[in-house]
């Protein structure tokens, strides 16, 4: 039904591949460039020899997540020797076509505005972040399963923070029979944690210092809070047997120097969806892109 | 540890009784009046002969939920012949003592302010509303179990709205193996519904008219949206075999005249926590009162 | 695909009605008699004026569950004034046709054998009993929800016995967040209970006397063991606040005289599937009948 | 309470270490030999310099699982250069002491009988096998999570066999939101699978040839059936994109030559509990040993 609408995909990893498969299965004319030697199935999408072939005639040009690693070159991990500047791509985007991508630098956004290219960062969509919480939670679960000498069933797990990732993680851990404590500041969030089957623990903050309750007896702590609640003082009191998995965006919530000094096992786990479930993550990006195309009037309401 | 703090409870139903048990078990001096002939166990709380005995010397006077049915008299269902005006109670509240209760009329609040009585409506606490979502969900589940000729396992259920009650209800239905569709406006809420295992269905709104998708094949619909999305047009298309349970606060989400005309089975289910699980509901009020006492400095932080 | 195969249904309640709907939807020529004034939808099944019309030409004649209440007359609760003896039905069953029904008396079976009528009691099918465990569990859950002044979430529940019903019941209670203890004799069953998330408690038996552990603090006990483990001695020690629901087939597991004497609240809950979820129960019978028809060569393998 | 009972543990891996910790925490005098350089916490258990010190005075001598890799030498992976024959151990077992271990060769059992040493293979305990199904299921889940490019949530999983491991695995997969099909022979097992939320699929067998249904669209297959149901013919029809995880004891259920020829990704996953959750597995052995000690009258009933 969307045969007359061409979407050009440039660069990216297995998520981009899953996205190509998804968009072509729905019926878009889908043109792909930059997946390099990856020979996996891309449905009825077409691999282009040159990137301009993929862009030409497109209603939307979709760059990967992130669009660029260095703010200059297209992120193209499956064709590593490639060099293609985002500015060059912009020069070829058809008039009126949308430029989509993840985590655009503000300088790129400004340039696009200057060139009157409608640019949309799909990573800023709240529903994408929500859906990404699930592969993140599964990725964190897999790390815990791989690292712990015990089963998740019956283990004592603490989660700091009860936002998107905290909620999804608590759900999967409870589903497998872990005893889950949620540590958070807001009594509303703790009320949710409680009716979702977790033990609530208040995170007190006085004079900018957070006071974690007693974590003795826990097997694993998952941190989702993006500031240092696991500071020197907290880490000093913490048993060395507890596995710590930090899911918070950089710089994370754990004082890494102190953790090293006290001999804690800490695993920093970032950008899990693309690593542990690239096809799922690509489909989530696909959902978001369809929503954007609908919102922008390219396709009729879903 | 709280022996020196007296709390006086007046009126109310089994929730008030559970509250008395809870507060006395924690160590408060707990004085109760108005539970009438109900002889159930109230722990170490003391039944007072006169209401003034319960109020005298109290640090906090706790009225039930709702504090009054008519805005004038204390709500006292277990001692039905009782007549005690809230204004009379206010005259006896000790200096500096808190006056707590649920769903105070604004006129009562204004009067309290005028009399310099610190008055707090615990029903306005967000965490109480969140925790109440669970007994509400269980109550709605019980109604569905009692009414439907099929098991919840495998049944097709639709929930309109994905706020507190919608979320709690979806969770219990999924837990029992129902196939749950969540119908909501916001794509963020639908993303949550999806990762929580439900099928998302968008509720479109144009020119103030909501358009429900096709609900053929569903066995039961739970409405939690407090305005008429089940209007004449929707109800006319709906199969008569579908059980409709309306959980939205008055006037609810279903056009009752049209429902009657078309022969739909609609059950209006309001104030479920106090009806289906009064002891749990009383304990939830207790949690909230402890939080208030802590916030107000009556007791140290929990 | 089964248009040439006629199935005649006689008597029964809403289960028989659901069965008629199911069989006709699959394509059998389905003839019904004895549902009386019940005007509910029976799909493309045909209501017969006389019972002989339903039986004539049938490949299988299906009697309800139970086939008879008194061992003589057909069980016909929806047409209560009806009187039709099973022996009369047998006289009209076509040559070679199967006679199916639930809980046949041994005298009826013997008579059928004598008359060379192939008779099969579908209630003896293990898979029907297994599937029936689920509506039984939901029915027991609904009773507990209706009776207890607390939510199932967080309640302390004990289940005696971990057979079909015990397993299904433990599952639904755990799913709703109850804390479930399974009391059983076999350490194998207790190992299953443990990995299914329940607390195991050994039921010791010495000299034919079972010794129940301490049940203080429990809110509800579900008994599934069909002999008196709740004898005088056990009941005397048990708190009167505990709700007892007896699911075991007659005479059940609770000494009713002692329970009355000590003031226990006991609910005897029998034959739940047909009461709480007749359509589901009818479909389960349908599954079983299809299995029997396949096994007997009437239809090809499912 | 068991200070006067000495238990000697020889050889083994981290499971034996967890067992030492468990037994010493209960109060047994626990003597350990053969954990080599492993410096992990063993509670109040005592590391012995010589194996005879651990055995001397013991009421029970506990060998690891398996007791021996080659039927001759003690299995001692944490002290790999060790050489200690089971026959030498037997010579030193105190009179009347129990000799416990896992997977004893029949020749060892015969020798023990000849020497009047009460020998018990704890791996033969049904309850240990049941409890082990859970770490096996979690281990299989972790493999699937590590290998699949999609989340378990929403994935299409098939499980062949519905015994101990099949049941535990179906449970964890369903808990995480996978769509699970159970393929089995017995309609009773399929009825259980159905009420546990799985889709049942009949495994037909004619003339010793099993016929698997259509597995198109599945993402992962877990085999638990210990004979070749995935033969050449089945594998030829199967999509190469499906991940196959074989959990069945050797020789497993998959024709490995054909799988290689057709390019299937097969993972053979054996003895998972000791690998993925050695501390849990050690505690499970501990449960079993306590049960044996109770049954044998060494300790009073648990």
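Letters A, B, C and D mark the chains as written, and numbering starts fresh at 1 in each.
Assume a contact is a pair of C-beta atoms (placed from the backbone, for glycine too) under 8 Å apart; a residue touches a chain by one contact, two chains touch by 3 or more.
This structure is a prediction, so every number in the text was calculated from the model and none was measured.
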item: Fraction-based call for chain D against chain C, same above half, different below; value: same
item: Farthest chain relative to chain B (centres taken as mean CA coordinates); value: D
item: Chain centre separation (chain A, chain B; CA means) in Å; value: 37
item: Chain A and chain C, separation of their C-alpha mean positions in angstrom; value: 49
item: Interface hub residues of chain A, defined as touching at least two other chains; value: 134, 153, 195
item: Chain D partner contacts - residues on chain B that touch it in the complex; value: 153, 177, 195, 197
item: Residues of chain A defined as touching chain B within the complex; value: 126-127, 130-131, 133-134, 168, 171, 187-188, 190-192, 194-196, 202, 204, 291, 301-302
item: Chain B-facing residues of chain C, complex; value: 14, 18, 41, 134-135, 138-139, 141-142, 145-146, 148-154, 172, 175-176, 241, 276-280
